[in-house]
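Okay, got some structures for you below.
Here come two complexes built around subunit A, the first alongside subunit B, the second alongside subunit C.
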Partner chain A sequence: MKKVIDRRLELGGDKPEFYEIFARRSSAEALTHIGSIEAPNAELAEARAWFVYDHEPWKEMCIVPTSAIIPITERGSDVKVKVV
Partner chain B sequence: MTDATSAGRLSQTDQLLRDELYCIADSKLVLAGWYMIVLPNGRAISDWSAMCAMMQGQYGHARALYQYLGHFGVTREEAEWTRGAADIRSPKLLDQPPRSWSDFVATIFLAEQAISTQLGAYRSNQADRTLARLAEKVHKESRFHVSYSTGWIKALNKDPSSTIKADIRRRFAETLEWWDENDQPDGLFRAGYREASDATLRKRFIEAVEATIDVSGPDVPAPVSWQRSIRRSGKPGIPDSLFELIRFKNHELALP
Partner chain C sequence: MAQVALARDTRDEPNEVALQTRVKAGGTLEDISEMTPRYRDVLVATMSIAADLEIMTLPLDLDAMQFAPCIGDRIAVASALQDEMGHAQVMFRMLEEFGFDAYERVFERDPATFKTFFMLEWNLKDPIDMAMSHLIGDQAGYITTCDLEEHCSFGPYSRSLRKVNFEEQFHVKRGEYSVRHYMQLGPEVRKRVQESLDFWFPLGAEWFGATDDVKSRMDQLHYKIRGSSNDQLRQIWLSRVVPFCEQLGLKVPAHFDGEKGIYVLDFEMPILFNEETGKWDFRKVTWAEKLAQWKRGGSKKVPGLRRIQSELWGHDLW
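And then the complex of A and B:
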């Protein structure tokens, strides 16, 4: 049986909203894109990002709403922010 | 209650500090139990991860605080293993299990805010820098717990049929019982352990809650027979049914 996801109940929002996560382990490193997370608002995105991407003791982490990213080379296509 | 065996040798301020830290640590122990029991109801995989991490965080904070109680002669055995339901000093807020996901979110939001508000007041204390650093670390880590529940409240509140407002209002009255409304002398504030009095911290807690959701309503009556040592009114301790769920089960498994 195919699992049916109730978006509002399970994820807290009617439509998918994503946040891109950037982090670095030390001040010598550049901020690097480490992944993305789905959340209906910034508070839940912050907590989910912090708890899900906890495989490193990050010195710095920040999130950016995917909708705020303006594509340049990928304009008009299905934009994907790639994890380095 | 099985108070620290060395209570007779402690100064009045040390007794107050021991009691308040017991209340905070026990709140974290019971809250960790809440996360553990509710975990299978986590909505998305990211919620599972978040709840596992918050549970682990609360257990870690509770144990660090219990360890600190060694300053007052409290042993690990006493703090973590041998106390009974009548000895646990968590807030009344956590006595009754959640009725729904919305009620769970409301309760963890209020509990995390209350505990963070109270422990946060120890961060700048000059009387004991070890305690100040511990409070700072716990406060910093708890920020994400508050973000988690705040995010869910905002998400649930968008749905007109959600019960989140009613759940918060009902639990809010129970949370306020953690502070005495009557202006009792506050020895820990006067001794410089906390940078704010209980009355100020109660006000800060209300402001922090209102920054997320409107909880204005009829005044909550001041609790009768409030006791500072357990930060609640009435009989000490938690319900036996709750204790059975959260109690430490196998002493021998914890030993190296």
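And then the complex of A and C:
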């Protein structure tokens, strides 16, 4: 039997939404782009950021919807921000 | 590094030669627009296999959570599995940039078409097998991904592996710790550890693929997707696994050749695994026969992947 998946709930519709993850280990370290994840909403994005990027006990971590990023050096490129 | 010499058949393709020269000089690519179609194909194939291998660890190691002998062991296995699923997320996220639908790749694709390796396609029988899987298997995987992190000419892939390798080293350490522990539990347990190693060792040796003298597809090296050849990676693996096992009194079909100054296998690759007896037949066969066995795959592959695709999560998962 195939798994029954509510595409809207778990995938957020047909087009994937991406979020960029930023974190720093200590107050002396710059906030750094550490990765990117796909999630249908901010709440799941938060959970997935914790799940995937738990290799450090981060001092600070935040996520930004990729759609909010305005590229400068990459203006015109297909990729707004590199995955890592 | 002779393997990174320019590919012969690219003389008439200036773009390919230019790209190979650039990466050979240490240049990195940051964007798809910088790639030639051939570079892109080789890179995507490499990343797709890596992603599939990460996914395959879930059905492979799940049983080990059920039969873990203590809560500490269970937490260790669960934690390693969480790492692997995180790595899969990272790999598939990267493939999405290349136009892949991660959901389709994991949940809708025919399980038989997943590019997993023979080493990850067998049932683990007990906690000793799980420990051996970390000692032999994760060590092999770790050596492969360390090479990619160090050499891969696609910057995002190389950078993404920092986190992956940081976590993989814990799995290897956990394997070493556990095997050492089981070797202290008396002759019966030691016998079982040896039996498990007898199964795992050739799987680990062949993880790195065909020997360099027969390998024909060298594009990964020409494009510096990775830096070391199959035999070079296998040598690193042998130099870690063989002395560790020997120190514990375990027998391995390999030894250090003092004259050559390298570790060598006591058998000639390729050899076949006898699925009926569950033992390796150390007589040399042809690569065509070996490839056929790899292609048929292990007994866990298709049922394990199908379980991921069909098991019901329920509506209130989140």
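Convention: the second predicted complex is superposed on the first by the 67 of 84 C-alpha atoms of A that agree within 3 Å, B and C clash if a C-alpha of one lies under 4 Å from a C-alpha of the other, contacts with A are read in each partner's own complex, and residues count from 1 in each chain.
Basically, a contact is a pair of C-beta atoms (placed from the backbone, for glycine too) under 8 Å apart; a residue touches a chain by one contact, two chains touch by 3 or more.
Source: prediction; values computed, not measured.
A.B. asks: Would you mind checking which one, subunit B or subunit C, touches more residues on subunit A?
C.D. replies: Of subunit B and subunit C, C contacts more residues of subunit A.
A.B. asks: Which partner chains sit in contact with A:Pro16 here, subunit B, subunit C, both or neither? Use first/second/both/neither.
C.D. replies: Second partner only, subunit C.
A.B. asks: For A:Cys62, select first, second, both or neither according to whether it touches subunit B, subunit C, the two together, or no partner.
C.D. replies: The answer is neither, since A:Cys62 touches no partner chain.
A.B. asks: Which of the two partners, first being subunit B and second being subunit C, lies in contact with A:Ser77: first, second, both, or neither?
C.D. replies: Touch partner of A:Ser77: subunit C, not subunit B.
A.B. asks: If we overlay the two complexes on their shared chain A, which of subunit B and subunit C does A:Glu46 touch? Say first, second, both or neither.
C.D. replies: Only subunit B; A:Glu46 stays clear of subunit C.
A.B. asks: Quick one: is A:Ser36 in contact with subunit B, with subunit C, with both, or with neither? Answer first, second, both or neither.
C.D. replies: Touch status of A:Ser36: second partner only.
A.B. asks: Of the partners subunit B and subunit C, which touch A:Arg8 in the superposed model: first, second, both, neither?
C.D. replies: In the superposed model, A:Arg8 contacts subunit B only, not subunit C.
A.B. asks: Where on subunit A do the contacts with subunit B and the contacts with subunit C coincide?
C.D. replies: Comparing the two interfaces on subunit A, one with subunit B and one with subunit C, the shared residues are 9-11, 37-38, 44, 48, 51-52, 54.
A.B. asks: Of all residues in subunit A, which touch subunit C in the complex?
C.D. replies: 1-6, 9-11, 16, 18, 34-38, 44, 48, 51-55, 74, 77-79, 82-84
A.B. asks: Spell out the part of subunit A that touches subunit B in their complex, as residue ranges.
C.D. replies: Per the stated touch rule, the residues are 8-13, 37-48, 50-52, 54.
A.B. asks: Can you name the residues of subunit C that touch subunit A in the complex?
C.D. replies: It is residues 30-33, 82-83, 85-86, 89-90, 93-94, 96-97, 102-103, 107, 155-156, 159-160, 162-163, 166-167, 309-313, 315, 318 of subunit C that touch subunit A.
A.B. asks: Show me the residue ranges of subunit B that touch subunit A in the complex, using the header's touch definition.
C.D. replies: Residues in contact with subunit A: 43-44, 46-47, 49-50, 52-54, 101, 144-145, 147-148, 150-152, 154-156, 158-159.
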